[in-house]
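Next come two complexes, and both contain chain A; in the first it sits with chain B, in the second with chain C.
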Partner chain A sequence: MTKSWLVIRSQKSLFSIRLDRRVPWVMLTLAIAIAVVMILSIGYGEYPISPLDVVKTLLGIDTGTADHAFVIYVLRLPRAITALLVGTGLAVSGAILQGLTRNPLAAPEIIGVNAGASLVAVAMIVLLPSFPLVALPVAAFTGALVAALLIYLLAWDNGSAPIRLILVGVGVDALAGAFTSLMITFGNIYDVSQALVWLTGSVYGRNWEHIQALLPWLLVFLPLSFLLSRDLNTLALGDDIAKGLGSKVEWQRGWLLLTSVALAGATVATAGTIGFVGLMAPHLSRQLVGASHEGLLPVAALVGGLIVVLADLLGRSLFAPIELPCGVITAAVGAPYFLYLLYSNRNA
Partner chain B sequence: MSVTISSTEPALTTRQLTLAYDRAIVIRDLDLVIPAGQITALVGPNGCGKSTLLRGLARLLKPLKGTVYLDSASIFRLSTKEVAKQLGILPQSPTAPEGLTVRELVAQGRYPHQSWLQQWSAEDDRFLEQALAITGMVELANRPLDTLSGGQRQRAWIAMTLAQNTPILLLDEPTTFLDLAHQIEILDLLYELNQTEGRTIVMVLHDLNQACRYADHLIAVKNGGVYAQGIPSNIMTEAMVQEVFGIESRIVHDPVTHTPMCIPISRKARLA
Partner chain C sequence: MKHAATKPSPPSAPPSAHSAHVNLLRLIGLGIGILLLFGCLIASLLLGAADLDPRTIWQALFAFDGSTEHLIITTVRLPRSLIALTVGAALAVAGAITQGLTRNPLAAPDIVGINAGAALAVVGATFLFGSASSHTYVWFAFLGGTLAAIAVYVLGSIGRSGLTPLKLILAGAALTYLLSSLTTGMLILSQRTLDEIRFWLAGSVAGRDFATFTSVLPYMGIGLLVALILSRQITMLTLGDDVAKGLGLRTAWVKATATVVVILLAGSSVALAGPIGFVGLVVPHLVRFFAGVDYRWLLPYAAIAGGTLLLLADIGARIIIKPQELPVGIMTAIVGAPFFIYLAKQKVKR
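And then the complex of A and B:
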C-alpha cells in the first residue's frame, strides 16, 4: 500500500513524528533555491560581485579584492538575511492565523495585525525619536497584540466566526492606517521621512543590529509554533471536534494567537509591512505538502523567506537604478493573488 | 413513561443536568442513564434539545447546573484528554480544511493518545489502518476530503472517531444529507461496531423507523426533557408519536426486522 507519510521513530520508542513524505524534498529544494537567490542578490548591485566570489567570500576564502568582504559583510549580507528572516516570520504567522480562523484568506496584513504593529512603531519613531532600535519589536508586538485582541473581542459573538473576524479585521486595519497617516501628517519632517521609508516595507539599509533585534523573537516563537502544530491541526477541524479530541481549545488558541502576533509584530518592526507574504506563502505551501501543520509550517517558513529574498532582488533589479521596496513587489504579486483566492473561495 | 434498562452498568449518567445557550434553558434537571454496550437513539422534533443533550453528554457544552458522570466520575473533573480516550463525539456536519486528505483527518483521531514527544507511535498506525479498513476508506485514504461525495466524507469522519478508539461513541445525525443507501450503510457500520466490539453508541436520529430498527434503547425527547425511554417495541406507540411529534400515525409491524414501524397519517393535527 502506498503511504504518503514519512514516520520517524526512535528505537526505544520514546520519540516519534509523522510528516508528509514530500516535506524533506520540498524543504531541500526550497533551501537550495533560497541559497541561490541570496547569492545572486548579494552579488547584484552598483558594485557587482560574481556569484563565485560571493561564495568564496562567505566561506572566508580571499578573492583578491579587499572591497568584497566589506561590501558583502557590512552592506549586503545583513540585508539578505533580514529579508529571509522577515519572510519566514510573516509566512508562519499567516499559516497559524489561517489555521486558527479556518479561513485561507486570513493573514496578519489583512486582519489588521500588521497595521497595529505599524501604528505603534511609527508612533515611536515620530513621537520618541530617541527610541532604541532593539525595543522597536517590543513596541510593534504590543501594537499587533492590541490590534489582535481588539479584532477578537469585536468579532466575538458566541464564538469567533471566521468571516466576522476578517471583516472586523479589515475595519481595524483601516483605523490603524488612518492613525498612522495622522501621525505622519503632523510629525517632525525628519522623523516622518524615517518612518515613511520604514513603512513601505523594505529591507533597505538593514544591518546586523536589526537582525540582532529580530532573531531572538524568531528563535523563541518559530520552535513554539512547530511544537503547537499538532494542536493547530485539531483546531483547524473546528472547536467541537477539537474539544471532542481532548484539546484545551481556548488555551491552545491563545498560545497560537500569541505566537502568530509575536512573529508578525517582530517582523513588521524590522522591515515595515511587507504585504501578502503571510497570505501567499501558506497557500503555496499547502499546494506543496498538504494541510497538516507539522510539515506546512516549516515549508511555509522557507517559502516566505524565498518570496521576500526574491522580491528584494527583483525590486532592486527590475527598474535599476531606481530601487523599489520589496513590499511593493510582494503587493504587486500578492494583491491579484488575494483577489484570485477571494474569487475561488466565494462559495465557501 | 416506563424506564427499562436491560444493561447492568451505565456508560454515562446525568444528574440534574441543565443545559442552556445564552441563559435560554434547553435541557432542565435531567436525570438520564445511557446503558453501556448498547445502541441508544435520541429522537424528537426539531428544537427539542436532543442535539444539545448530546453535546452536553460529550462535555462540549458546560452545564448551567448538574453534571455528567463517566464511570462514576464527573466528566468535568477528568482532564479533557482522559475523557477523549473514553468518549468520541461526531457533531453534525463538521468541516475540514481545504486539501486535507482522508488519512490526515483520520490520523487526528489519535490526538488524545499522543504527546509532544510521542507524535506518531506504532499503535497510532495500527488504529489508523484499522479505522480506514472498517469504514472501507483504504482506497480513498490519500484523496482530499473536498473531492469526496457526502457519504464518503461522512465515513471519513466516522473513521476519525473510530481511530480515537473510545468505548463510547456519540454521533449527531450521522445520516443527514445522505441518500438512503448511504444511510443504511452508515447505520449498518455502527451496528457492526456495537456487535463485534461492544461499543456504546448514542446517536441522534431523525428517522423513527431507522431508530426502531437499530436502537436497543430509544429516548424520546420533548421540550428539553425525556418523554419516554426504553426498548423501541415498548415505547413506540401512537400516543407517544402524537405527544412528542404532534402527528397522528399508525404503528405497524416491520415485516423485515420485526420492530415497530411508524406510518404518519397527516400533519393536520399539529396545524389545527
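And then the complex of A and C:
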C-alpha cells in the first residue's frame, strides 16, 4: 500500500509535521458529527428544545422563549461540554498507554490507573466533604500516579514485560476497588450517595465549575501529548531501535507516562470512571488514519469525545425518564469490544 | 505450569513406607485443621457487637430459654457462622478445581467471571420478579454462572495458543467488567432492587436466616461430595491432557463434570453471600504447601482452610469498626488482591 503523506513544514522555524493524508478529512467529519450529536443532546430532555432553537440560542439569537437560554447555558451545555472534554482526555490517555506498552489491550481502566484515581477522589469526597472541587483533579491525579508507579514497580523484573504489567494492573485494580468499597461502607450516607453517582461514570449535573477545574489540565497536557507524539512513534519500534535512533528512551517514557496519567486522573476526577473509552477510541482511530501517532492522537481525541457525548445522549434516552450513567453505556459497548480485540490478537 | 510441590506423589503410586509416613503427617494436619476450624467457629459465635461468654452458647444451643442473648446466638450468629464456613469451603474447593482444570495458578471462579455472572443473574431476577425466595435465587445464580463460564472458556481458548493464563485472566476481567456494569445499570434503573441488594453485592454473610441456608445447602453438599469423588481424576488432569488420556481417563467427561461442580459451588455461594472474591484464589495456594498436588488431599484441606479463612475474615469484618461492620468481601479482597499480584509476578515469567 502506498502511503501518501501530508507534510507541513515551515521554512523559518524548526517546525515540521507529517500527517497521514486522511487526517484532515477525518477530523473535519468527526468535528461535524460531534457538533450534530451535541446539538441533539442539548435539545433532548424533559424540556425538549428543537435543534434549530438550540443553534439560535448558542449563537445568541433570541428564540422568543426566555427559558431556552437558562436551560441551555446553565443546565445542558456544561454537561455536553464536560462529556466532550472527558472523552478527549480518556482517549488520548489510552492512546499513549497503548503506544508506550506496545500492547493493544492496555487502557487506563483495565490496568488500575482509573481505579487509583477514583479511590483517592472517593476518599476525598467521603472523608473531607469540604474538599474544594477545583482540587479534586489534583487528588485524583495523585491517586492515578501512585497506582501507575505501583504497577510499574511491581511488574518490574529486569524490564517491564507487557503481560506482567497487565496482570499486576488487574490486581491493583481489585485492591483499589476494595478500598473504594470500604470508603463507601464507612461514610456518611449523603456523601456516599454523591460518591456513588460519581463513581459509575456520569456527567450528570456537571456545571461550569467542573469545566473550570478540568480545562487547565487538558490545556497543558493535550498539547504536550501532541508534541510528544513523535517520540511514541520511535518507541513503538522497540527499545533497541529507539535507542539506536538516538532517543532518550527512559526520559521519553517518563514524560509520556506522566501525560497519560495526568489526563486520566483529571478526567476521572471530573466524571468518574467512564470505562473503555481509552481502549476503544485509539483502536477506532487507528483504523481511520493508521498508526502514526502525530495524526492518531488528535483523531483519537475527537473519537473519544464523540463516544462519550453519544453515550451520554443514549444513557438519557434509552430508559427515559430514568437515566443511565454514560459509564454503563460505554462499558456495555466497550467490554465486548475488548473481548473482540482479545479475539483478534489471539495468535499474538 | 509448575506447582510448588514438596512431595509429588502420583495418585496411583503403590503405598510405600515413605508415602505412608507422609500420609500420616497429612492426616494429622487435617485433624489440626479441623480443630482450628472449630475454634474459629466458637470465636465467631462469641465475638461481635455484643460479646458473649462460652457458657451462654452452650445453653442457647442445648437449653434455649428465649432470652436476648440466646436469640442473638440462634437467629443471628449461628446462621451467619455456618454460612461463612460453608461458603468459604465451597469457594476454596471451586477455586482449587478451577486451577486444576485450567492448569492456571491465577484462576478462580471470581477472577474468570463466574461470580459476576451469578450476581448479575440474581440481580436481574430481583429486578424482574421482585424479591424472589432463595430457592429461585440459587437457580438463577447457577444459570448466570454457567453462561459466564461458557463465555469465558470460549473467549479464552480461541486462537492457536489455546487457553493461556493471560487470555483467560483478560477475558475474565473484561467479562467481569461487562457483567458488573450491566448489574450497575439495573440497580440504577430500580431503586428498590438497589436497596434490597446493596450489602449483598459487596459480599456479605450477615443477615441471612436458617431457611436461606438450608435451601442452598443441598447444592453445596452435592458439589463438595462430587468434588471429593472426582479428586483422583482431577489430579490426573493436572498432569496434562495427553498424560491423563494415556492413563485411561475420559478427559472430556471429567472436565464437564468438574465444571458443573465449580458452577454448583460458586453459584450457591453467590446466592448465599454475594460475590466474595479471592478466597478461591488464595486458599488452594496456601494449602498446596501442606497438602501437595494430590487433589485427594488438596480438596479436603482447601475446604477446611477456606471455611477457617472466611470465618476469620467475617470476625474481622465485625470487630474492626465495631459496632458497625464491613462486608466480608472487602476484607477478603484487601488480603487477596496483593496475593494475586504476588502470584502474577512469580508464575508469569516471560
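Criterion: the second predicted complex is superposed on the first by the 341 of 348 C-alpha atoms of A that agree within 3 Å, B and C clash if a C-alpha of one lies under 4 Å from a C-alpha of the other, contacts with A are read in each partner's own complex, and residues count from 1 in each chain.
Heads up, the rule we're going with is that contacts are C-beta pairs under 8 Å (C-beta built on N, C-alpha and C of every residue); 3 or more make two chains touch, one makes a residue touch a chain.
Remember, predicted model here, so these are calculated numbers, not experimental data.
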Superposed partners chain B and chain C on chain A - clash or fit: fit
Contacts of A:G238 with chain B and chain C, given as first, second, both or neither: first
Contacts of A:A291 with chain B and chain C, given as first, second, both or neither: first
Touching partner for A:T200 - first (chain B), second (chain C), both, neither: second
Chain B versus chain C as contact partner of A:S130, first or second or both or neither: neither
Partner chain in contact with A:Y343 - chain B first, chain C second, else both or neither: second
Apex chain A: angle to the C-alpha centres of chain B and chain C, given in degrees as a multiple of 10: 90
Touching partner for A:I110 - first (chain B), second (chain C), both, neither: second
Chain B versus chain C as contact partner of A:I17, first or second or both or neither: first
Minimum Cα separation, chain C to chain B, after superposition on A (Å): 16
Set intersection of chain A contacts, chain C complex versus chain B complex: none
Partner chain C, residues of chain A touching it in the complex: 105, 109-110, 154-155, 157, 161, 163-164, 166-168, 170-175, 177-179, 181-182, 185-186, 200, 275-276, 319, 322, 324-325, 327-328, 331-332, 335-336, 338-339, 342-343, 346-347
Chain A contact footprint on chain C (complex, rising order): 106, 155, 158-161, 166-167, 169-171, 173-175, 177-178, 181-182, 184-185, 188-189, 202, 277-278, 321, 324, 326-327, 329-330, 333-334, 336-338, 340-341, 344-345, 348-350
Sites on chain B touched by chain A in the complex: 21-22, 55, 58-60, 79-85, 88-91, 94-101, 103-105, 107-109, 111-112, 114, 116-122, 124-125, 138, 142, 161, 164
In the complex with chain B, residue positions of chain A that touch it: 1-2, 4-5, 7, 9, 13-18, 99, 102, 104, 158, 227, 230, 233-234, 236-238, 240-241, 243-248, 286-287, 290-292, 294, 348
